[in-house]
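The structures come next, written out as structure tokens.
Below, subunit A partners subunit B and then partners subunit C, in two separate complexes.
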Partner chain A sequence: MIAFHMPTLGADMEAGTLVEWLKKPGDVVARGDIIAVVDTEKGAIEIEVFDAGVIDRLLIAPGQKTPVGTILAMIRAPGEPPGVAPEPVAGAPPAVAARARISPAARKAAGQLGVDLDAVEGRGPGGSITVADVERAVSGRRTVLSASDRLAATRAAVGAAMARSKRDVPHVYLSNTVDLTPALTWLRAENARRAVTERLLPAVLFIKAVGRACADVPGVNGFWTDKGFAAGSGVHVGCAIALRGGGLVAPALHDVNTKSLDVIGREFADLVARARAGALRSSEMSDPTITVTNLGELGVESVYAIIYPPQVAIVGIGRIVDRPWVVEGRIEPRSVVTVSVSADHRAVDGRGAGAFLTAVERWLQEPAAL
Partner chain B sequence: MTRDEIRTAVLHALTSVAPEIDPQRLDPDSVFRQAYDLDSMDVLNFMIALHASLDVDVPESDYVKLASLNSAVDYLAGRLTS
Partner chain C sequence: MSAAPAKRTTYREAVREAIREALLRDPRVFMMGEDVGRYGGAYAVSKGLLAEFGPERMRDTPLSESAFVGAGIGAALGGARPIVEIMTVNFSLLALDQIVNNAATLRHMSGGQLSVPLVIRMATGAGRQLAAQHAHSLEGWFAHVPGLRIVVPATLADARGMLWTALEDPDPVLMFEHQTLYNMEGELAEDAGPVDIDRAAVRRPGGDVTLITYGATLYTTLAAAETLAAERIESEVIDLRTLRPLDMETIFASVRKTRRVVVIDEGWRSGSLSAEILARVAESAFYDLDAPVARVCSAEVPIPYPKHLEDAALPQAPAIVEAVRALMPASVSR
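Here is the complex of A and B:
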């Protein structure tokens, strides 16, 4: 029997409220299946299962605020017979066993509006729950957090995590002004021949360059643990995304170093859309191995960010500005950007962080090779 | 297509990326990016939405010509009649 725990959803999240189960006892699950939706200060998160098997018992009822690490469900490994008789769960709704069908759009709307789907009467085909049903339920809903409460809770959670990082993590800061002209020239030409739906943003180049540099200098890509530095199992770049109305999330784009710019571009657009719609997945919240924060859009020239523990590095991207620049002995106008890295000095020294920053710059000079 | 229809399509595209915008209260000359804190992803999604509704593919070099509601309607009216 495998215990399925409430996953860690980032350094600034200590608990989440179970909104609904998407699986019931007896259901077969595969690794990566979404089995529950949890509401957090940062919106609804879809919780994925890490093991294949059959759901044996659900131990937490919807509506319960649950600390990270709590056992949510028991899962039988494939072939394992049912264990002890299922324990009744206090307050567990019998509706789980006879769940109505729910349209994906309705599920998304419920996540955005904080509506408990168990309390929604389905009036769609075959009693299924539609967006209209969710909207009708809004007036009488059981809201987990109001928008202003959510924002205040986010601020408090981010503040606590950042204070802890500043207190515990010895940060070393390095920065470099990078000539971005070759990359932007390449990008303009590339986008000129692409349909609007296929165009790439400069952010995609930054994310990929960081991913490539992580593969070159793996000492910045991973986590600080009780036993010291643990390298990431892949290059999963957390992308700091500002939410409309306030707040911030930094979910991961997975395996960035091995994906093409086109794939990263599509996945980044999808990630931003889901972050703003409140439909992120637990793996995206829990496994970034490094983070990139891009404040250039705000007109900020450089940013020295606070590390998001247990990661050991965060990259700050500033605004792309035109500056006089010396190229081969002549002064030329060039588009430049300040790229910084804040690194955990316990895991990596200035030399290692510098090698990483230099690698980011080198990759940005060769956009076609990204 | 009339200017009113284009205007409606622009507002629809704009509110699809920034749902908090109230079309009734929008200053037609205000610059979207600054007024509504749009980032480059929002701008790209705005162009994609216009492409979907009007079948106009705005080249990247022309994005600046769609900075406000009035300038966007002028630009798109020109593209749609030419």
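Here is the complex of A and C:
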């Protein structure tokens, strides 16, 4: 029997509220299937399963706020007989808590109104369920945060992560002004023969170049842990996406270094759309190995970003501007962009970060090879 | 509220007016106790009444609570309407045999043939540094005893109005006057007169929590309610007025509305009136409760003499505020 836990969907997540189950006991699941939706400060996230099997039991009811690590469901491995008791998982919080605190008035109200108290979040003293909680549940609103609450929670989560990063992570900043003329020339020619919907954005070139450079200089691609640097298992580039109404998320594009520009372009468009619709997946939230933030479209010339822990580097892309540039001894107008990298000096020193930045520049000079 | 003009007066004067009215209205009424005549009473309640009514009706007694309470019971049995003053509730323990074994029982033991229309007044409570033999709140003990009615005037109107109604009662009534209230000043209607001694009174309406109290802690509780109102917690403050029989209807009606209840009692909590009230709430209004029942009582020590320790031993407004906050959701936003 495989225990399926509440995943961590960001370094600062402590708990999530299960919004709904998309699978039921008896359903066959494959690795990567979305089996539930969980609400976090950053929005409703679709949770994927990492094991194949058959759903044996769902242990947490929708509406319940659940700490990270809690067992949400038990999954039978293929061929395993049903009805086996769940194996206790060392270190994980018990799935069944002590008897919930429910006030007598709340029990009475729940009985009269037909409310399932297991699905009610207690906000009374000591986390008890009171009449007000039952009435909130019956008003039909799920315990999902309201838009303004979510914005405030997002701000708080981003703020906490950034404050922690600035406090704990010794940042080293490097930047380089990169001649983008060859890349843009290639992009114009490439887009000229594509259908409008297939056209590539410069952003896709940046993402791919970063992904390629990560493969060249793996010391910037991964996480800082208690035991030091841990290299990422792939190159998953987090893309900072501003949300309508405020806040931002940085979900991952997976395995960027091995995917074509076309695939990255499609996936990037899909990622932006889903981020803004609040339909991101758990793996996208939890596993970026490096992040790219692009403020060029706002007119910003350069950005020195704060690392999102436990990642060890973040790349800042500015606006593409036309500047007089010296090319082979002559001054020419060229399109240039300032690319920066902020790196965690515990994991990588200036030399390594510089090698990475140089690799990004080199890849941007060879767009056809991307 | 009466539309009659009001006068500035004190609790002490209101009690004196009540005694005076009783003496004027009913020739069967007389008063006796230690130092009530020439001295004017330990708390100066009966000052001037000896001169006005003479020694037949304002009787100084020997220092024997058992003797003069017993004499009062005998006079009541004989048709008089005695008002017996005991200096403080601590001293009433010397008369416990007379009160519990005689006054409270004779109607029952005589099959209704005998009646003891006696009123015993006494001071109760702490707050004036009178230490452990003069400052306890034992009215809850008397409220344990069938056959007695226990009343506690907390306001000028009740100090003025409860005595006459108590004298009309064919059975013994014990009236407890908190010693810190005698100097309390306020407005009282010129035509203030008898009031009921059956019902509790809602002194402040509110929808979030019911605060049940009586006597001097009414004012501590009202102060706490004011603090809580600034936090948008609206307290309903109930003044019990009569401790036996308890007006549970008023309490239940309030608890059904607020779903939270705190009893504030200057008595100790163990085996107490506050325990009785909350037990009845748990028995009859359990399904209306949205939070555990709570109490703020005196510390379980003999009342200390030093001012700071006396204050620390008594229910104070900050403790009431804390007790209420503990019953409320983390953020009060409805």
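We take it that the second predicted complex is superposed on the first by the 309 of 370 C-alpha atoms of A that agree within 3 Å, B and C clash if a C-alpha of one lies under 4 Å from a C-alpha of the other, contacts with A are read in each partner's own complex, and residues count from 1 in each chain.
Operating definition for what follows: a contact is a pair of C-beta atoms (placed from the backbone, for glycine too) under 8 Å apart; a residue touches a chain by one contact, two chains touch by 3 or more.
Fair warning: this is a prediction, and the values are worked out from it, not measured in the lab.
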Inset, instruction - Determine, under the contact definition given at the top, whether A:Pro324 touches first (subunit B), second (subunit C), both, or neither. - result: neither
Inset, instruction - Examine A:Gly79 and indicate which partner it touches, taking first as subunit B and second as subunit C; both and neither are also allowed. - result: neither
Inset, instruction - Figure out whether A:Glu297 sits in contact with subunit B (first) or subunit C (second), or with both, or with neither. - result: first
Legend entry - Touched partner set for A:Arg188, first subunit B, second subunit C, both or neither: first
Inset, instruction - Considering only the touch criterion stated at the top, classify A:Ala106 as touching first (subunit B), second (subunit C), both, or neither. - result: second
Legend entry - Dominant contact partner of subunit A by residue count, subunit C or subunit B: B
Legend entry - Contacts on subunit A seen with subunit B and repeated with subunit C across the two complexes: none
Inset, instruction - Would you tell me which residues of subunit A are touching subunit C in their complex? - result: 103-108, 123-125, 128, 130-132
Inset, instruction - Enumerate the contact residues on subunit C facing subunit A in the complex. - result: 259, 286-291, 326-331, 334
Inset, instruction - Would you pull the subunit B residues touching subunit A in the complex into a rising list? - result: 18-20, 39-41, 44-45, 47-48, 51, 57-61
Inset, instruction - Using the touch definition up top, name the residues of subunit A that touch subunit B in the complex. - result: 188, 191-192, 195-197, 199, 201-203, 242, 244-245, 268-269, 272-273, 297
